[in-house]
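There are two complexes below, and they share subunit A, which is joined by subunit B in the first and by subunit C in the second.
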Partner chain A sequence: MNFNPGLLLDHIPTLAHGFALTLLTWVCGTIIAIGLGFSLAVLQTLGGTFQQTAIRIYNDVVRGVPFIVQLFLVYYGGPHLGIRGDAVVIGTAMLGIYGSPYFCEVFRGGFQSVPVGYIEAGKALGLRRTTIMMRIILPQMLVVALPSVVNLTIVLLKESTVLSVITVPELTYQVSGISSDTFAFAECFLILALVYWALVEITMIAGQRAERSVMKFMQR
Partner chain B sequence: MNASPSQQRSGIAPIIDVQGVTKRFGSQGVLNGVDLKIFPSEVVCIVGPSGSGKSTLLRCMNFLEEYDEGEIYVAGQLIGYRTDRSGQRVRDTEANIARVRKPLGMVFQQFNLWPHMTVAGNIMEAPRYVQKRSAGEARAIAERALEQVGLQDKIDEYPARLSGGQQQRVAIARSLALAPEVMLLDEPTSSLDPELVGEVLAVMKAMALGGMTMVVVTHEMGFAAQMAHRVVFLDHGKIIASGPPQAIFQKPEHPRLEQFLRSWKERNALWEPSS
Partner chain C sequence: MDFSFVFSEWRVLLIGTYHTILVSAISLVLGFVLGLLVCLLRLSSHRALVEIGRFYISFFRGVPLLVQLLLIFYMLPLIGVNISSIGAAIVGVSVVAAAYQAEILRGGFQAIPHGQVEAARMMGLSSRRIFARILLPQALQRVTPSLVNDAILLLKSSSLISVVGVLDLTRASQNIAASSLRPMEAYLDAAIIYLFLTALLSIAGRSLERQLALAGGLAR
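Then we have the complex of A and B:
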């Protein structure tokens, strides 16, 4: 048996670059997914039948097609349809789109969980619609939505590994390259697994802290 | 207390003027042509069986509920609707509705305090974001409002840590903080434990004695008898009796009202009358 994780030390600059790109695609992809999902949820809650139907179809399609197929379609098929772009840009945008329907559902459920009476109290006191949205509905919705938001953020981190198939040089891409150059498959992928696991743990701890602070008021 | 100001004030304009209001849910008529004037400093209790439309009527007064026909004027201004260029009645803008609503305070059966804000935060919200006051001013307003309901010591608590009665008193303070001309109270004690009803009624009595104009939808006949200038009995979306509490409670003329009061007395009797 030969197990020598030390040989990865020779590739630290490459790995660091890959790690940075993993963080970039993940964080930006998640921000896009949350922003898009939130806008869709607002539209679905306030919009008419047309918007609601359009959003339902969008959600079904994006959730119904595997992420890798979506990536191939847009990255390799895109140029034939006039969509061209850098792998990192397309990959990040697609990660955001892929996550958006899940966030949309979470936020929509969150909106529905806010009692109408809270909104009526705001209206009766003369608060403007945006004030009611930002200061009453949103914080209340977060209480319900936050655990799922943390979960989805973790899912998107793991999905970001799929970007390696369209040559986004993120961590999984770099480690695969190193492993096939050195044949140190066990070392490479064990370390890779540990890195993702550590990121997931950190995210979960941060999420639990956020949940606790958001729910402070519920402690009797 | 029960001397009605409305009778001596024929020259004074009503603060709320409900004229021929009709509202339907589908084909079901909830309000069927209601006329009701509320005069300044008057305490009016709206009573009636559940489903009679009393809460709907109150909610129409500040346009939390749309109505189909008729008009409701608040301080002389039509609430909820305007006439467009073709003469059609259309829903008014939210900004206009908010402006016409200004003289009205509202207290809900379920309190509707915002649970993520402290008591201070709940009360300060409207002074800060509607009246654009500074945090310091708003805090002073909250302190004064809480004094009126006797809960100064709870200013920094979250609503979840308060009893139902205390929550409702905070909700009243939240409304009072804007110094409304009229308080609308929608079954303010109906979701409280019986033992907590008294503290809320005490606050309401103090408000009434302080000259506040109040419209109260309630099942508390005792409060109505003691504090109301006028009791309005609603059944199937119609006002079928209206008058000073003595007349309503002691000499009910309408058979439906008589039946309603008899069933109330039976429910509230501690023992069967012996004879």
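Then we have the complex of A and C:
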């Protein structure tokens, strides 16, 4: 077995393009997931029984079906219902939808962790509802939610590899293509694994830094 | 929508479901055994062993399962190991499951007050007996909810073995979608079966938790 990772150097432009698309789908997917998850959490916390039940069903369904099946369902089944789009757009949107129930649960837990007394105190002081939300509930909730948010961000990075199966030309897709062209499977996939590992470690370290600075802010 | 063709293809779906359950179940058990070993490495007092455990957990949790499967699928033949694609899939899912279960188990072991071990040592119990009679049962009881959660994630992530050519539920629905030209219905079937399986697991998990709580009287 001869091992020659140098042969990947010939494909740097393709790899850079794939890497950029991995970052793009990951970041956009995570932003969509956080936005959607947050809205669902607010609706679930403030809404009535109907909203709560509807969101619970949405969460259970999205979390109960593998991401790859959801992708196939929407990307290949969607055109029958009039849902058509570029693989990148559909893939990113689906990544956001897939992540949303997990973020919803995290934010809901965050909302519940804020003591009712704080909100009552805010009301007693005559603060407006938006002020109570922005100045009392949100900051405390975000501190509680931050570690889980970092974890979920990492989960979504790893799930973004699955987009390669619906032909989104991200890093995994490009490396698979190069590996079958050059037959250098071991080199290609080993380096691919190392790249993802490094990305995950970097995200984790950044998350720990953020947690530390938030804790400092809270103690002031 | 027309689901009638699905009934003529039920045999393929059944085989797919069988393989999904088979790979998930075997990987769960193998992952648990391997995970317990990795967890013991991580908790040992030997510095080098701790580092090996830490490396294992970091690598196998950091690299996306899809990349891991591709790596194992193409690497094993290169280093002279020839196993079927289903064997490679079981190896891939198990080693990743082990990393997650090791972390879960570590949490369980660390939650046990150290005074219990000291008391047992005072009473003259051997280290093996302390582990088997005091530490392991309590740790298992504590981590059962997390392990069930992990089993659900494992069942869902097993859908990725379809990419390396195992005829699991996802692959079966892909085949049906291709032959019937009805992707919407085919993937909906897979989604419903996955949803059913994950719901079943979470119901089983909840009743298991109740029984454990009754049997052990674990104070919350």
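The rule is short, and it goes like this: the second predicted complex is superposed on the first by the 216 of 220 C-alpha atoms of A that agree within 3 Å, B and C clash if a C-alpha of one lies under 4 Å from a C-alpha of the other, contacts with A are read in each partner's own complex, and residues count from 1 in each chain.
In this text, a contact is a pair of C-beta atoms (placed from the backbone, for glycine too) under 8 Å apart; a residue touches a chain by one contact, two chains touch by 3 or more.
These numbers come from a predicted model, not from an experiment.
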Touched partner set for A:Arg128, first subunit B, second subunit C, both or neither: first
Touching partner for A:Ser100 - first (subunit B), second (subunit C), both, neither: neither
Partner chain(s) touched by A:Leu192 [first = subunit B, second = subunit C, both, neither]: second
Subunit B versus subunit C as contact partner of A:Tyr76, first or second or both or neither: second
Subunit B versus subunit C as contact partner of A:Lys158, first or second or both or neither: second
Which superposed partner A:Val143 touches (first subunit B, second subunit C, both, neither): first
Contacts of A:Gln174 with subunit B and subunit C, given as first, second, both or neither: neither
Contact breadth on subunit A, by residue count: subunit C or subunit B: C
Which of subunit B and subunit C A:Thr25 touches, first, second, both or neither: neither
Shared subunit A surface residues [contacts with subunit B and with subunit C]: none
Contacting residues of subunit B [partner subunit A, same complex]: 62, 64, 94-95, 98, 101-102, 104-106, 108, 110, 112-118, 125-126, 129-130, 158-161, 171, 174-175, 178
Subunit B partner contacts - residues on subunit A that touch it in the complex: 115, 117-118, 120-129, 131, 135-136, 139-140, 143, 214, 216-220
Of all residues in subunit C, those that touch subunit A in their complex: 58-59, 61-68, 70-71, 74-75, 78-79, 156-160, 162-163, 170, 173-174, 177, 182-188, 190-191, 194-195, 198-199
Subunit A to subunit C touching residues, read off their complex: 1, 60-61, 63-70, 72-73, 76-78, 80-81, 157-159, 161-162, 164-165, 172, 176, 179, 185-186, 189-190, 192-193, 196-197, 200-201
